[in-house]
């Protein structure tokens, strides 16, 4: 499955920048000391679009909401109402939705101020869940997007930062009459969304795996130091994913463990499965991080090996020729009385001595394995 | 938001020194073995100024106290009384305030002896909270200041080390009739102060983030070793912030968890929000530390890369010219019988041989990628 | 015991590839967001073969099942029925088996989607256990295979990814009338399988131990840098084994601790033994990892030592001959008035001076222990 | 406060040796397998001196005990009796004191065999506390001494290894009529001693802080490698302090938490304060260790930087002069037919070519920033 | 106390080999999948000798057992019977002893299959304890031997791998009438054995301490790289000891905590003492490991320092003489028109210039502190 297929055309054109990670941890926050519940919207936040899917075992109704008053008719219905808000760029609308479902101001704040840590908080009539889904990215970068979920007795709200998501498959399952999701309540829908978000990490991790494998192959051929930086970047990226997912695991545990009347025992079994998937993804991330560390070690030793190699070449060259040059220097001196100079065979004798000296050095360095086959083999 | 704006003109002129961090951990402490409750004032402690804000849903009264006896009239009132003491330089006055509110001598000691670890301790009639707020600093240094809070049934005391704080927004919210803070007790005020202190870390962490990004950019252009020291300093600074905030998180948890009659359930919900913020700040600090470590690794590999580069230049130069110089040395010898010297074409032949030798060496080094494009690309 | 003997001829021919570890962590997973319980079969999954062993204290019946309807006759019998499914390549058949024993769809999913983390989950009428057995490999690689076990009141199902396993010894113990396994229920059979899987790691770890010892010996003779990479690979492999076994230990603990009516107290004593073995294997793996780290340190210091050695040779050679060459250069100058040139003994005097200078340098370097016996001893 | 002032003249002359730390962990221990309760005295243990302070709210009696029978009169008195034994060099006397207060033989063994880990053990009628106080040292070494405390219903015993301690301030507080210590029991006295011991670490840690600051300054001026060793030694020292204090913190917790009838609730509040101080000291120690690590990193990078610098100088010198020398060598050859030699302007042309070549090299190295201002700045 | 004295002549002659540690972790194990309780004897296991000491407060009986039927008379006696089996080389005999005392087959397996992790397991009528005692070794190697202890109501069995042990002092204490050990049951005897095993580590750790101190001294004189390998080996050895002792500590805790009717409260107090000793030994081991790491760091920095030193010598020599040689080369050229050559004072002037140049270089390098006193001091 290709990544674009997962995230849809909406996500495909956004190129993650080098600074993405830095910015990730810059939570939007209200003026220091301002009243709790103050909403601060991201400058580039999109205008919210609201889509409603209302279903029970027999019927499905799906529509886009323009006027919030249309929404009011869904409150208190027996059927399951999934209200999906994409884009958080209109404070007034979001506040109104919050009031319609009697959400605590702090809950609304958590939904809007992104990124929050994943968490599950139980209020009197509803449960607030903050989770993150992957929202595009490539083999060197995983972008995530916050999804706020409010699970009530007969409704489920989702608040997404941006247009487009990974939930189309869930929507298809709802549209398809007779599927198990139609016979169950908002708790099961919540499970389906959480599970989908987790599963969406798999293709991204596979891309990272391919990337690391590619880097490993490059060591075998030649050790370019630039690769090291790439490895460190991947390690950093995996760390960011880990930081995102660890609280999400805790949140799923919290829903499972707490005596939450909104979640039935049957759905808890499914949540255990979702929990297992989260643990597995985290484990894969940890393994990849260790592989990245291991790769970095291999590269580091390759670099230090290369430095040794360079040193050996220098030393062998210098050690052979410096003494020979010295001998040549001796017989280049202009002393008046240097009897050797006038011997008939002096010149060839000196040449032979030089050759012998060079040979001795070569043999010595070969014995030390600084030159020749072994050294060559070591290099790879 | 610029940092000076947050901390006011009072803080703007103080330049954090290199030694600040060292001194941070030098708690003021009484003579070894002296009686518990002995107060030791910092030598440069400012004289205390006392400001009172007394409010209930209808009225607000705000005044500066000169004579402690004026304070007595606020004890036991129904309204919420916030007594804000800035500057801890007068033992007598502080002791008197403590007696007025029947504080335990050890509690008073904790308020005065700075810096203490953040903590929350429940006494019979009041809760003592020690927390830290950022008190200025720039992208390479975060200065913090201890704030001691005593929460009683109808009063709240704050003890600050120095003049000026980040609480002006809270004061404005109190002055503004009809805000939720006016309808609630000292527990909510305490939450508002704690939350404001935490939020005040955000702009500082953003400055550090900018700083680290700047350092990252410098690697790309050229790897100066001095940057490494700056990275280590930032890492150290982040560590200090972490050490300050971790106990603060525990303190907030303690207030939430303990069966403290002074804090209502409604306020506990807000404290959970404050707890989330603290966790998030700590997480951001951890992430920045890991980024600093990652940056340091990149720099280290850049430095070792540079050393390799230097070595290669030396080796290439020496390996090419040393043998050539040797050949020149040979024909510089003054032997009487060196037949080559008298050949007509000997000189050009030798020059050609030398050139060929140099070429062979160059090709060899190019094949090893010690010179040429790849090596050049690696360098960045 | 040789490894082929343990794993049988079926495993012997498969050569673990370098990419094996990478792929290990690529769990097969259904389309993102698809319905829970959707089965995704590995592309190369083998067609399932089903073998039944049905036994009680008196009788043993063993047969291969072609038609699933044959299986139905075993359901509800008093005797213990072990149904062993090898190969997971037929969705329909596996789903039918699951329905026959009323398995939860998620349980079936866990059995089929490999690799899963080891775990033990208690359902109403049965316990699902996921474990891993070694499935071949050599001294540089341990391949593992998932075994899914379902323990019911009077039956035990095993689902294996591939043909062939390590359970033949258990089958022999069942065939052998009068053994304790014949007098006990599926809980004891489950213990026997788990214990066999753990014990099968011993010969593989011995192979790794031999391998590491071999690497240690190579340091003593000569320090080739290529060995380092091998050490890192072994460390990585051990890490993968640890990751596989740690959840398996937790799974055994879970069966022991939970109030599981399917496991008798007598079998719990045996499980404690199995737990001890798992802990011991993990401890051996940890020890080997630390030894690998220690070996890498020794190699690293050997490499840096070798670099020092190279540097010393270069420095000694250059420091001795460069000054001498300079002196020779002086008397090679062609100045018209160089009185020394015409002294009768100038030439021998200069030679003696040169010799003396070389001697002084040699003594100096010897005193610094850069040359001579000590340096030689250090090299190994 | 200077260190000699804290520890008195008795301690001032003892110079901590390099081996002190090694020996610290050599616990005195009886012959292997000997009966429990066997006392083994240090060879250089001083003869015990016994000082008694007996006090209640009205009276204080202070005397030195020569004959143990004098001690018997204090047993069972209503007033608080502090029996302070300094020096553990007389087995018979210590055993007799133990019997007088019905101490368990193992408790006596713990008091005498030093150093023990700090701990608090509750026996039927008394509580045994082992703690450590600083006993001298300077900025590179903290020496500690074990103090064994036995807290009974109306008495408190202290056993110190050597003469002299940090308790004189406590004694003064007892002598001073009307202090709170006079109105309370042995539990408060125990707290006062524990708190004094902890506070006595502050001046030593300040000395270490000064020392580390001094080392930091040295990096700025010049990077001598010897400093590194000093940093490692300080790190090691701080580690030893940490190891001493961590169990002491646990011991204080144990007294606070246990349902120990010997300690009143009022004193527990004070112990919480003492606990806070211990935590703070440990935190300071941890911070200093991290600073030491950070300093070591800075030094390591300074050293590697220096090595780079050296390499660059060598490379620049060699790269410039080796080609020039080669050219000079060419025209030093003695070929009969070298037409250039006889050109009138050949010599100056060659000199100019050489100069140009040198200039090109210099510009090249300057562009690479191997020479010139930047490189110079980097060096510091 | 010398090590041979502790371990007796039996142990003295066995030389620990380099491979000992590797082999330590090769547990003897039965054929994979074989029946639980199958005994696998070490190939070199000695034939078991059985010694019985039967004692109560009045009488002691000591004898060597040849025929197992003699043993039967001790079963069920009121007195305490210590049956000590040394050597595990006879499956039949060990199985018979197990049956005589109704031991569970898995318990017998644990006693025989060595090495097991230390543990304490409570069976219905007896407690099984696996512990390790040091069994010889020197300053670079600690050999350990498994001791299996079975504590029953009126008997205690010990199973040792080899002849000879550290228990002779305990035997002497039993023989000596009137000692406390004679008045107590097998629980106290068990304590005495465990405590003796722990105490036997002290002399070995002292040998290691001496060894490390010796290595530390060697840094001061000269830094041979071979020492590093020795340090790593010691670190590894200490790690192995730690791994052996940590589960032993847990085992002692388990006996203390569990509601084990076989251990009286009085003996639990002694076990607490034994626990303290174990913790202390582990702490000493940890400290030594940290010292070894610290030493390795010092050595590493010494090596890198030495490399710097070598580099500096090379650079200084080359930088001084290469330019001078170049100048000499210039005036060695054979151009027809080189006016300087014919100046009367040209030769001395050139010599003076050369000298001045050398001087400038020397001063430059001195200012950089590459040569001279400081550099010299740094070297140590």
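Per-chain numbering from 1; labels A, B, C, D and E assigned in written order.
Assume contacts are C-beta pairs under 8 Å (C-beta built on N, C-alpha and C of every residue); 3 or more make two chains touch, one makes a residue touch a chain.
Because the structure is predicted, anything quoted here is derived from the model rather than measured.
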item	value
For subunit A paired with subunit E, centre-to-centre distance based on mean C-alpha positions, whole Å	43
Subunit A and subunit C, separation of their C-alpha mean positions in angstrom	26
Residue list for subunit A, restricted to those that touch at least two other chains	304, 307, 311, 314, 318, 322, 325, 329, 332-334, 338
Chain contact graph, described as a line, ring, star, complete graph or other shape	ring
Sequence of chains encountered when the ring is traversed from subunit B in the direction of subunit D	B, D, E, C, A
Of subunit C, residues touching subunit A in the complex	19, 21-22, 25-27, 29-36, 104, 106, 109-110, 116-117, 119, 121, 222, 224-226, 228-229, 232, 235-236, 239-240, 243, 296, 300, 303-304, 306-307, 310-311, 313-314, 317-318, 321-322, 324-325, 328-329, 331-334, 338, 340-344, 346-347, 350-351
Subunit B partner contacts - residues on subunit D that touch it in the complex	1, 6, 166-170, 173, 179-181, 192, 195-196, 199-200, 202-203, 206, 209, 212-213, 269-270, 272-273, 276, 279-280, 283-284, 287-288, 290-291, 294, 297-298, 301, 304-305, 307-308, 311-312, 314-315, 318-319, 322-323, 325-326, 329-330, 332-338, 369-370, 374, 377-378, 380
